[in-house]
Structure formats: structure tokens, C-alpha cells
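Both of the next two complexes hold subunit A, though its partner changes from subunit B to subunit C.
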Partner chain A sequence: MPPSQTSALAGVLQKDRAGVLQAWMQDQQAGSAARPDLMPASEVQDQASQLLDLLAAAVGSGEGRDGSSWQALRQFLASISTSRAAQGFSPVETAAFVLSVKQPLFTKLQQRAADPGQLPAELWAMTTLIDDLALQTTAVTLEARDRMIARQQEEMLELSTPVVKLWDGILALPMIGTLDSARTQVVMESLLQRIVQTGAEVAIIDITGVPTVDTLVAQHLIKTVTAARLMGADCIISGIRPQIAATIVHLGVDLTNVDTKATLADAFRLALRRTGHALGKSNGSERA
Partner chain B sequence: MPVQRSDALPIRNASDVVAVRQLVRTRAQEAGFNLVDQTRIVTAASELARNTLDYGGGGRATVQVLTETGRTGLRMLFEDEGPGIPDIELALRDGYTTGHGLGLGLGGARRLMNDLRIESQPGKGTRVDTVRWR
Partner chain C sequence: MDRIPILKMGRFLLVTIQVDMHDRLALALQDDLTARITETGARGVLIDISALEMVDSFIGRMIANIASMARILDAETVVTGMQPAVAITLVELGLDLPGVRTALTVERGMRLLRSVLRAAGELEEPSDADDEGSDAGPAE
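Moving on, here comes the complex of A and B:
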């Protein structure tokens, strides 16, 4: 950007800083960007004042966009968009906060215009600059959100495979959600690994939390059961709800070689019997 | 058959298959299907959408709610521009697959729905049109 076009802006930021800040805050309070429920007006004013200082320094420095004063401005924008996102502002509200400085700057540039012929170029330079800054706040918010989504996906991959020990020699794998192939692979491997580690004789796969059992899911289950059997462990599939049972029959999937139970409790009882344990009620008097 | 509502979704990857299932479940619930029927329709949608993705190389799904003298139906249309199915009778046979699946998807979907029609031209693509009435 040629310095001649932003020199007027630099002048305004230097001489009319107080006026711009005041008008900006008034617009803020009147406009839709104000969220007194999320941030007190004093804090908004604080951010606005710092932003104006950094903007004045950057515009007045005469440096290119890679200069240290511009970097300081960008860092500040990143920090306010992160903190505002944490406080509950939407990306639109944060961008609107930055964009709303345009009106006061516009007015002041108009008042101070020495050469009316230059005014359009000066206004245009100011507008593109502020747009750029507002876009940066949005970019920072989006980046933060992308990182969060990536982290959650990783967490979900781990969350989806909690192999739990129910009893000596009895493992349970409560499956939840969509069994797409990538996740099911992880689930299958972690179950087989735990069977080796614990020397379990029975593994219960509970599908209560799986909304749809189609042929692909059924195939994954059959493969897991077969692999576990090769390692010397019996598998019981539990959590077969009536509608799932009906669907499996219509699909023609053959689960007759697999032990299945309606509930995890039934499967656990069967597993205890298989491992030679007996369940009994104690006398009431022995209870604490 | 008056169409009450029609939605189309692309099928390009595995998460699109999930989206199709969710849309079908929502529409089946709205159309008043009971839980068993909802599960049947969603499972059929899952099979057919995955076929569109795995064998048709992707395509689109159209989900419609139909009303006809006193009855409501859910229609699903799966279209792709893939290699097509050379022998439809063979493809419908249980246990037959050209991939690595169980070979039950297409035949299973036909049993889960009331009416299932397949039109396919080798080299041009496949269109599976299926309805279940309440």
C-alpha cells in the first residue's frame, strides 16, 4: 500500500485518537455487536484502545506488512479473537467489533481531508485495511476450531475402544456410535490385544449403543468373534434390541455360530457360568 | 403418487453414508414408521448407500416421503455413474459379491423394503429405486 494513501489515516489516528475511540464505543453500544452480557463495556474499551494504539503504530511506522509493528497488531488480533471466542462471542461478533471502527474513521478522514480529490483513495485504503484485520480475527477463530475438531476426532478414536474387565477372565467391550471401518479396526485390535494381555476366556461385545447394524457391521463383528476364538477366547454379543434382531434376520446374516444375548447382564451371567463362577444372594443380615 | 417432501444428498465418502442414514431415520420418524420399520429402512439405506459408494464410485441419494390414498411411504433413490451391474439377478443372490463383503446387502435391502427396482447399464451407472409403505 503506498504511504501517501494511509498517511491521512495515520494523521487521524494520531490527532483524533480520543474522538475515534469515543465514537467507536458509542457505535458499539448502539450496534448489535455489543454484548454487555459477555463483556463489560470497560473491557471492550480497553481492547479498542489497545487496538487503536497498535493500528496507529503500524500505519505510522511506514513499514511493510511484514514489519514488527504489523506483527504486533496481528498478534493482538489473534489474542482478542481467541479470548472472545472463549467468552462466548461468535466469530461474526468479533469481526463486527473490528469492522465497526470504520464509521468513526470514515467521519474523521472526511473532516480532515485536505484534498477532496484524494479522499476516495484514502477511504478505500482505510476500508481494505480494516476488512483485512476483521478477516484475520475470523481466520484465527477458524484455525482454533479446526484444531479443536482434530483433537476431538483423536479423542473419539480412543474413547471408542474402552475394553473393560468385568471379572477374572471376562472382558467387555461396549461399542458406541457408528461403526465405520477405520474405527472398527481399532476396536477389534484393542480387544484382541487385551485378550492376550489378560488371558481372558470370555469377551462380551455390547452393541446397545450402535444404532444401525448392517451387513458391514455384522461382518466386522463376525470377524472379531472368529479372531478371538482363534486365540482361545469365547465371544458373546449382547445388546441386541428387538428391532436389530428383526433386521439381522431380514438381511440374512447368519449369527447362529455366535452367542448372542439381549442385555449385557444376561451376557455377563453366561460368561460367569462359562468361567465356572456362581452367582448367589447373600443373607440380608450380612449386608452392611 | 404425490411427493410430500424430497431431499437429495451426495454420496462421496463414508461420512456421507452416515449423513444419508441420519436423514432417512429422521424422515422415517416424521412419516410415523414404528421403531422396527425405521430400523429396517435405515439399514436398507445404509446397504444401498454403501453400494453406491463402494461399487458405483459415489453418487447421490434422494429421500422422498410419499402419500397415496390413505397410506404413507418412504422412497429412496440411489444413483451413480459407475461401471453398472452386468447381471442383476446374480447381484441380488445372497452370498454373491464382487468385493469383500458378505454379499447380503442388495438382497437384504430388497427383503427389508417393500419394493426394490434396479436399473443398470454397464458402463453408464446404476439406479436403485425402493419404497417402504407404512
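Moving on, here comes the complex of A and C:
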């Protein structure tokens, strides 16, 4: 923006800093953005005063928006929005805190206007500037949220793939939910790791809870089975529903080298036999 | 140049790879092992790679080749102790070592070798009635 339009703002920020700050604080306390339960007024005032200093420096510097003083201002905004989000402020409240500086600046600009014809342009420049800063705080908050969501997704990924021991030397991996590449990678790694830890000979991958199987998922499954075989463990895939069996055949996926069973029980029975265990009723004849 | 030692245990040869494989070492092992098999008339070869942390496509192929060569020389081959990372790498490289038997530990590898050879009538040892002949790897 042309310097002429923000020079009035720079003047106000320099000369009326105390007045603006005081009016701003009063607005804060009156408005809905004040949360004395989350942050004491003194701290709010600290933040406000630092923000005004940085704003004055940035506007007064005459630099473009990429200048170092603007960057300092942006960094400060990022830090307060992060700390406020951690304290429990909503993004709206944080943005309202920044936006509430408009009113005092508006009044002061009006009081100091030398040329009434210039006033609308000056006000407009000030408004867009403050809006920009408020948006900045929202953007930072959202970014932080996105990061948090990503981290939680990662944690959920690890939680959602438990490898359970069914018997000595038999592991089961009940898979639930949609399988994507990232998840199958985690599944594969945790399964192989557990095979090493427990010395399991047979691993059962149960896909009862997997809603759909496409070529990619099937390929991942085959890879997991092959990797387990390379380590010296057998894999059995169980829980294949009729629709999934049909899909697999229609897709032309070759599962002939993989043991497949309809239910986990069947797979477990096979696994017991593979590991040399016999299963039978106590009275009847043994039929493992 | 260092070589990987090949130990003879009865009618089996035991190879444990304890160092990082590099290409020349793998080639030397291939020559040594095939020579030892013909020399000793070994019936089984056990290759333990539990200390191998990393493989590339070349080493992966060498392992597959060594195993196939041993098979042609009429010795059953078992690869034991493959680490998860190595297994994942080999699968990603498309090297799923067809025809190579695998086992989790050296102990199980030995048992597997014995049961395979016993099933083929090559080994006169008391049987302890297991069915591991059906384990890992396609039939001969």
C-alpha cells in the first residue's frame, strides 16, 4: 500500500500509543473477547502493548510486507496465537483480540485527520492491515490444529493395529478399518517385529473388519505374507467375506500362494496343526 | 581380503554372516560355498543372516543365487534369522526368494533341514514326528 495511506496510522501509533492501548484494553474488558478466567488482564495488556510496539515499528519502517519488522510482527502474532490456543482461547477470541484494536485506532485517526478527504483511504488501509493480522492468528491456530490432527492420526494408526498372541508361536493381527499404504506399512512392520520378539511360527491376518479390498490392499497383503515367509513364519489370511472373495477374483489378484481361510477359527485350527498342536474334545476322538 | 567362514557340522554346512555384506564378500562366499558343497558332499546348507541389517538388490539377489546354486548341487538350503527391515526391503525389491526355505532361528532352521532330509530319506536319525516338511517354501 502507498506510504501516504499508512503514514497517518504510523503517526497515531507513535504519538497516541498510550491512549490507543488504554482504549483498547477498555474495549477488551467490555467486549466478549476478554477471558479473565483464562488470562489475567495484566498479561493481556502485556501482549497488547508488545503488539502495538511491533505494529508501530512495522508501519513506521516503511518496509514492504516481507521486511524484517513485519516478520517480527508476524512471529509475535504466531507466538501469541499458539500460546492462547494452548490456554484454551478459541480462534475467534484470539482474532477478536486483534480486531478490537480497530476501534481505538479508528477514533484516533479520526481525531488526528488533517485532511478529511484522506480519511476514508487511511481508515481503509488501517482496516485491511488489522484484518490481515487477525487472519494471521487464525491461520496459525489452524495450522497448529492440523499438526495435532496429523499426530493423533499417527497415534491412532499405531493403536489400531494390535498384534495379539493367540498361542505359543501363533500371532493374530485383526485388521479393522480401511487399509491404505501408510497403514499397511505400519501393520507390516509391527507384525514382523512381533514375529521376531515372540519367535512365532504362524501369523494370522484377519481381515474381517476390512470393508473393501482393492488391488492395492491385496498387493499389500501379499507383500506382508511374503515378508513374513522370508523371515521364516507362515501367514494365513482369514476373515474373507464372500463379496471380498468375489472382488479378489474379479480383480485377478493371485492369492494361490497364500493360505486363506474363511474365519479366524479355521485359521487358528490350521495354525495349531502347523505348530504341531492337536485339538480335540476331551471325550471324543481327536480331530485337529 | 576377508571371507565369511563356512563351518561343517555333520552333513550340513553352516554359514553365519556377521559382518556387513559387500559385493565382493558376497561373490567370494558364493564361490567358497559351492566349492565346499562339492568338496564335502554336504546335504544341507544353513545361512544365518540375523546380523545382516541392510541389503540392497545385489545382496538380495546373491542370497537367492547362492541358495539356488546349493539346490542344484543337491543340498537343501535354509535362510534363517532375516530381520524385518531386510524382509521388507527384499519384498519391495521384488525378491521374494522363491524356492528358498526360511526359518526364524538357527535352531528351527536345523530342525527344518533335518525334517526335509529325513522326508527325502537322506538322513537316518530318530524321527521326532513333526510335519515341518510342509513349512515355508514350495515343494521340491
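In this text, the second predicted complex is superposed on the first by the 164 of 288 C-alpha atoms of A that agree within 3 Å, B and C clash if a C-alpha of one lies under 4 Å from a C-alpha of the other, contacts with A are read in each partner's own complex, and residues count from 1 in each chain.
Rule of thumb we're sticking to: a residue touches a chain if its C-beta (ideal position, glycine included) is under 8 Å from a C-beta of that chain, and two chains touch if they have at least 3 such contacts.
None of the values given here were measured: they were computed from a predicted structure.
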item	value
Touched partner set for A:G199, first subunit B, second subunit C, both or neither	second
Which of subunit B and subunit C A:Q29 touches, first, second, both or neither	neither
Subunit B versus subunit C as contact partner of A:S79, first or second or both or neither	neither
Partner chain in contact with A:Q152 - subunit B first, subunit C second, else both or neither	neither
Contacts of A:Q71 with subunit B and subunit C, given as first, second, both or neither	neither
Partner chain in contact with A:A218 - subunit B first, subunit C second, else both or neither	first
Intersection of the subunit A residues that touch subunit B with those that touch subunit C	none
Subunit B-touching residues of subunit A, taken from the complex the two chains share	178, 180-181, 211-216, 218-219, 242-244, 246-247, 250-253
Sites on subunit B touched by subunit A in the complex	14-15, 18, 21, 25, 35-36, 38-40, 42-43, 46-47, 50, 94, 101-102, 104-105, 107-108, 111-112
Residue ranges of subunit A touching subunit C (in the complex, touch as defined)	188-189, 192-193, 195-196, 199-201, 223, 226-234, 274, 276
Of all residues in subunit C, those that touch subunit A in their complex	79-84, 86-88, 90-92, 96-97, 102-105, 108-109, 130-131, 134-137
